[in-house]
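Following are the structures in question.
In the two assemblies presented below, chain A is common to both, partnered first by chain B and then by chain C.
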Partner chain A sequence: MSRPRPSGALGGTSVPRSALATRAATRRTILRGAALSGLAVGGASLLAACGGDSGGGSGSGSGTVKFGINEAEGVGAAHDRLAAIAKAYQKESGTTVELNAVDHNTFQESINTYLQGTPDDVFTWFAGFRMSQFAENGLITDLSDIWPIDGLNDSFKQASTAADGKQYFVPISYYPWAVFYRKSVFEKNGWEAPTTNDDFMALMDDMQGKGITPFAFGDKDGWPAMGTFDILNMRLNGFDFHMSLMAGDEAWDGDEVKLVFDTWRKLLPYHQADPLGRTWQEAATSMGKGDCGMYLLGTFVVDALGENGEDLDFFTFPELDSSIGSDALDAPIDGFCVAAAGKNQEGGKAMAKWLGSAAAADAGNNAADAPFIAANEGASTSTYSDLQKKSAEVVGAAANIAQFMDRDTNADFASTVMIPSIQEFLKNPDDIDGVTSSIQEQAASIFG
Partner chain B sequence: MTYETPVAAAPSSAVASAPRSDGGGVALGRRRGTVATVIMAVLALVWLFPLLWALVNSFREYDYTQANGYLSFGGWTFSNYEEAWTRANFGLHMKNSFLVTVPAVLLTLWLSSMVAFVLARFSYRFNLTLLGVFLAANLLPPQALLIPVFRMFREIPLPYFMSDSGSMLNSFWALILVNTAFQMGFCTFVLSNYMKTLPYEIYESAQLDGASVWRQYWQLTMPLVRPALAALATLEVTWIYNEFFWATVLIQQGDKLPVTSALNNLRGQFFTDTNLVAAGSIIVALPVLVVFFALQKQFVAGLTLGSTKG
Partner chain C sequence: MAHIDEAPQQAAAAAPKQGREKRLPARDRITVILMVTVPLLFVLLLVWVPALGSVALSFGKWNGFGDLDTIEWVGFQNYRDIATIYPPFWPAIQHNLIWLGFLFLFPTVLGILLAVVLDREMRGSRFYQTAFYMPVVLSLALIGFIWQLFYSRDQGLINDVFGTQVDWYGDPEINLWAVLLATAWRHTGYIMLIYLAGLKGVDASLREAAAVDGAGEVRTFFNVIFPVMRPINMVVVVIVVIESLRAFDLVWVINKGRNGLEVIGALVAQNVIGEATRYGFGSALAVIMMLISSIFITIYLRTVFREERRG
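On to the complex of A and B.
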């Protein structure tokens, strides 16, 4: 501790206390004392230089765009791609891009204070309801004048549109949720990806007969089971019902939702038991080791296996109701918004438009060791892995794309109502009425 | 008390023979002592277990533990530490933590020692009220003040050379001030109680000799409360260094986060290498442990400081 030291003589413990008060101090020691005491404050002002040096008075000067990204340096490809995109834009447009990298979870959790505080001009965000909420509150800038963007089709435009019919978002990439399996395990057992409900049930029964749990399953983190709810709801009640349920326009205690939970209850014996004590990474590992046959998850399942995914393949969840089919799936779209409180609105918009281009996607994919699946159809697919090529195909063929529950609905509803409710259901699958009526009660108070 | 065994005998034999040879009271005390030791050992183990578990696993490879489970043995490596240090950019964030902690601790001690001096040495009508206010602020949960403080800081303009956001947000100033404000209550309380224990006669003689109030504070009181200041400095360094809440709220720029918040850099969007995070946590906890072990005496003194005299 560099606590200001009083003059040495007085501080010594050998001096009797009574002598301390009477001891004459020269004027110099008093001045020194005052100066040292002032140091505590003066020292702090030295900090100003340190505190401000990273930005260097760049402020809001034209030609500088602040770019906030939700991947911290060092996490690997996810950060490298965004950093490369920023660099490419800087090179191409001559605009200085100032990168602000914050880790994914912190960024997401503090997004509200971020947007209301001193946000960057352009920032990474998600399509769907969560973008729409910010648009309603006036926190993000209307981007309808930069749309349409070459190479982004109508479904992406739809995903970028808020409730008021204007676009507030520019997509760059996406990843699908599907049923993943090990090719080698399927080959060894002579299994094939099922397309109909009967095939699906027969496959799961066969797996159980061979001592393999059909579905790996973990919901300790709370969100992975949302994927199961989404896909069951879309298969049983259709995409349109799913979306209006997510928007709070349908009853959560109605027969449709009860049917979803009831079907899920019947499927649970095919899932790993006690999912609440297992993270998705552990579940993925048991699929990777062959203890489980399949795993319903996003393409990021590869990350947990510590391999390149060559032995992985996937199929979309088969149809459960032939009148509804299986042409809808979760494929969360990532992209960019322009913050309304950003200082360089024009620069931000110009950059956002470029970020939607094929050139941006290529710049990102060429610079990182793992590519994302570009939203822009013009983007090169030469760096894609087989899994990604297939992902692009499957998503391209899908008639309807949902964004995943925690992006399609109110963020508070997803995290404070749906996570505990689904976990409650998994703990006690027989009390469907109790779970659905409790969700409905809370949904009514949140959606009003 | 007479022992049959010689005093110079090895401690183990003394322990073994003691219950037999001593009176009932001592034996009971010994049994009680054993029970207390066992309870304390169990409690210590319960507390230490997660930490030791993290320490052990921070030296193991993720792939190994994932394939063989955490109850297995093997997969030893140092690479988690190297990777954690570079990936989370701890060098930069340690510097940030340092830039916040040191001024905040100095400022807290300086300001609260001045308040405490006045509260302890002069009797105004508002003395008790003022001390009460400081204490009350200490009881207030910081979360309750989140929105007011955030909005207030957003409205306070700072010149660009002090904060590149143009406001208090996103600057170390905000963190230093907030930490100082929240720690002052406790420090003032402790210091004023400590200062009240100083004999009043010293001040009378000082006054007779013509020492000004400033001199009484700086040259008389401050040297005498040095033990208290040392103890508080130790406590405050750990508390402010460990502070997480305000940093995540007030700082939105990744490269300005202090080290506690930067630990999150080790988590990916979906995937988290828990062994790597364990290694990172150990690195982050090290400075606090060093401060604690180096200044252990002050640390313990700080916990009971001012508790004997009101």
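On to the complex of A and C.
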């Protein structure tokens, strides 16, 4: 279920996701064996053992900090940035940084056993429910004494805060989900990015009239359609409802959620047919070729197009209910946590604080051929593409930021209930009552 | 696959070696004890402990955080939830059974047919053997990718050539059959090779005798060769059953066992490995899978033992 990493506006990842998944499979099988036999903790050593790649150089230093990152060497910019950041910190602080680079999906899927075994001191993670869940279970260290961090504004501080009101996370970068389109296609047809619901509907009707499918859509992997659910829920029921629904505090079979599915049902004729057999890359290609007018996805959409994104632009999903507005969006934030079981707590905290700085972001962006969008407002934007500059503006202007469904809610619920349920809805959009009551029954069992 | 049923046989074979009245010299005794206890230890450690661990876990609710004492024991709730409010479960059972039936009906029969034909030493039979066996060398995960190139709705070969718009992997009505076809492509070669090896071992005089008695090719096969091949037939049956129960890799690469491709193995994986950590729930699914397999294993063992007694 893991989403591709935000590799910036330039194609950052050269290894296909699918290949990563297979590579992960072998270790997963081992982990399953370990987990099933109740030896769950044993798996962690596997993960810890597979990196062990030294951060290079000889730190003349005050101790060693182990740094676990969720990008394997060779995947391109995503790894290069983190490696450069580690090196920069080693140089600046004199602390030796031991880099443990693990494949993205493997890292994400074995995180539980990793944190309960012998984790690295500092590790890459995401803001959101799962970070909060780790905090609640005492797996990550309270970082409230290193906050506030210069250049990280309140919304980032909010995103780094767990349920107990303390910060456990240091953000470094993010990427927004928005409606992407080809500038040239819009220009040729005289279209403009819509701001109101009426403009939006008119635009989609016009596209259909010209034989262009308004929305590209693919949900073979199960997670991309979550983005559509998120944005519709935030537009129709508001950010607060969305977050509390994700936390398991609202009913899934209530009128609010039914309204979301019903609106979605009405929008489905404007989407590409048969989404369940199509990957997001294939959907992105249809938008790239101009068969489809728009595509609601993260900025990683450019990765599938194999170009630098100069002919791409985006707008945030327009308002659907004027009393709610359109100032919330999904913008998953990546960053770092300090593992509670890490040996060097002080060193880890010191490094985490530095990782939030503008210097850390710059060190990463200057070293890689595709930059990320830095969370720190003091970071240099000189390496950004136009798309990234605009992303930074849009997210900066947003009043509320969600992290995407699979980061905002219980992972068990997201992957074993929501993915099949949304797919069921897409197969059979008229049975909204059936889908919502099934979700509610399972939610009650999981959250209960 | 085939070696799964070899292991217990070895252990069983070791036992009667120590004759009761004849006392063995000390060295031999130690050897025998080692030969029995070491495999036994491995079987216990690698098969029974995890299996019983899964059974125990299946009565609890545990997300993997904290020690084992954080498991919340919920009795049969996981099983109840699976049967009542977990929508993928019944389709998964159905798909596993379809898988089993399909493998028996088509690829297995086809594999046997190919073996019989290739056994006739026709020209180029080596070439055909290699060609049919080739897919077996590939992992099912790789086969998933290869067929994706054929099946992709927008960019796939099949839709391109025929100008159709069929959503082979996405339409839950047909994706199971699309996947079964891909599995069959591999399974046929596998069965063919096993059967071919068996046919080579059939005493040629049997055929001659049948020919002398005036039996035709078809009759010879069904009345003489097929009964003689009984041990191989048994192996084939077991392989087919095991292959269909452990159906997992292919659907996992395609869509992680969702949307029409639910199979029990994939459901276990979805709940236990990966990001979701519903260890109790996943274990309950695994236990159900184990029970289903035990039915087939029991049938198989009973047949084998009955055979041995007769022999």
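Here is the rule we use: the second predicted complex is superposed on the first by the 386 of 448 C-alpha atoms of A that agree within 3 Å, B and C clash if a C-alpha of one lies under 4 Å from a C-alpha of the other, contacts with A are read in each partner's own complex, and residues count from 1 in each chain.
The working rule: a residue touches a chain if its C-beta (ideal position, glycine included) is under 8 Å from a C-beta of that chain, and two chains touch if they have at least 3 such contacts.
In this text, all values refer to a predicted model and were calculated from it rather than measured experimentally.
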For this session: Have a look at where A:Asn137 lands relative to chain B and chain C in the superposition and call it first, second, both or neither.
Result: second
For this session: Return first, second, both or neither, reflecting whether A:Asp412 touches chain B, chain C, both chains, or no partner chain.
Result: second
For this session: Tell me which partner A:Trp280 touches in the superposition: chain B (first), chain C (second), both or neither.
Result: first
Problem set entry | chain A residues touched by each partner, larger count belonging to chain B or chain C | B
Exercise. A:Glu71 contacts which: chain B (first), chain C (second), both, neither?
Worked result: first
For this session: Using the superposition on chain A described above, determine whether A:Asp330 touches chain B (first), chain C (second), both, or neither.
Result: neither
For this session: Tell me which partner A:Gln116 touches in the superposition: chain B (first), chain C (second), both or neither.
Result: both
Exercise. Which chain A residues come up in both lists, the one for chain B and the one for chain C?
Worked result: 1-2, 18, 21-22, 25, 29, 33, 37, 40, 109, 113, 116, 282, 285
Problem set entry | In the complex, chain A residues that touch chain B | 1-4, 6-7, 10-11, 17-18, 20-22, 25, 29-30, 33-34, 37, 39-41, 43-44, 47-52, 54-59, 68, 70-76, 78, 100-106, 109-110, 113-114, 116-119, 280-282, 285, 289, 298, 300, 303-304, 306
For this session: Would you pull the chain C residues touching chain A in the complex into a rising list?
Result: 49-50, 53-54, 56-57, 63-66, 68, 77, 81, 85-88, 141, 145, 151-155, 165, 167-172, 175, 252-253, 255-256, 258-259, 269-279, 281, 283, 286
Seminar exercise, completed: Given the complex, residues on chain B that touch chain A span 62-63, 66-67, 86-89, 99, 102-103, 105-107, 109-110, 150, 154, 160-167, 169-173, 176, 199, 201-203, 205-206, 209, 211, 214-215, 218-220, 222-224, 226, 229-230, 233, 237, 248-249, 252-257, 261, 264-265, 267-272
Exercise. In their complex, what parts of chain A are in touch with chain C?
Worked result: 1-2, 18, 21-22, 25, 28-29, 31-33, 35-38, 40, 108-109, 111-113, 116, 133, 137, 139, 220-222, 274-278, 282, 285-286, 406, 411-412, 414-416, 419-421, 423-424, 427, 438, 441-442, 445-446
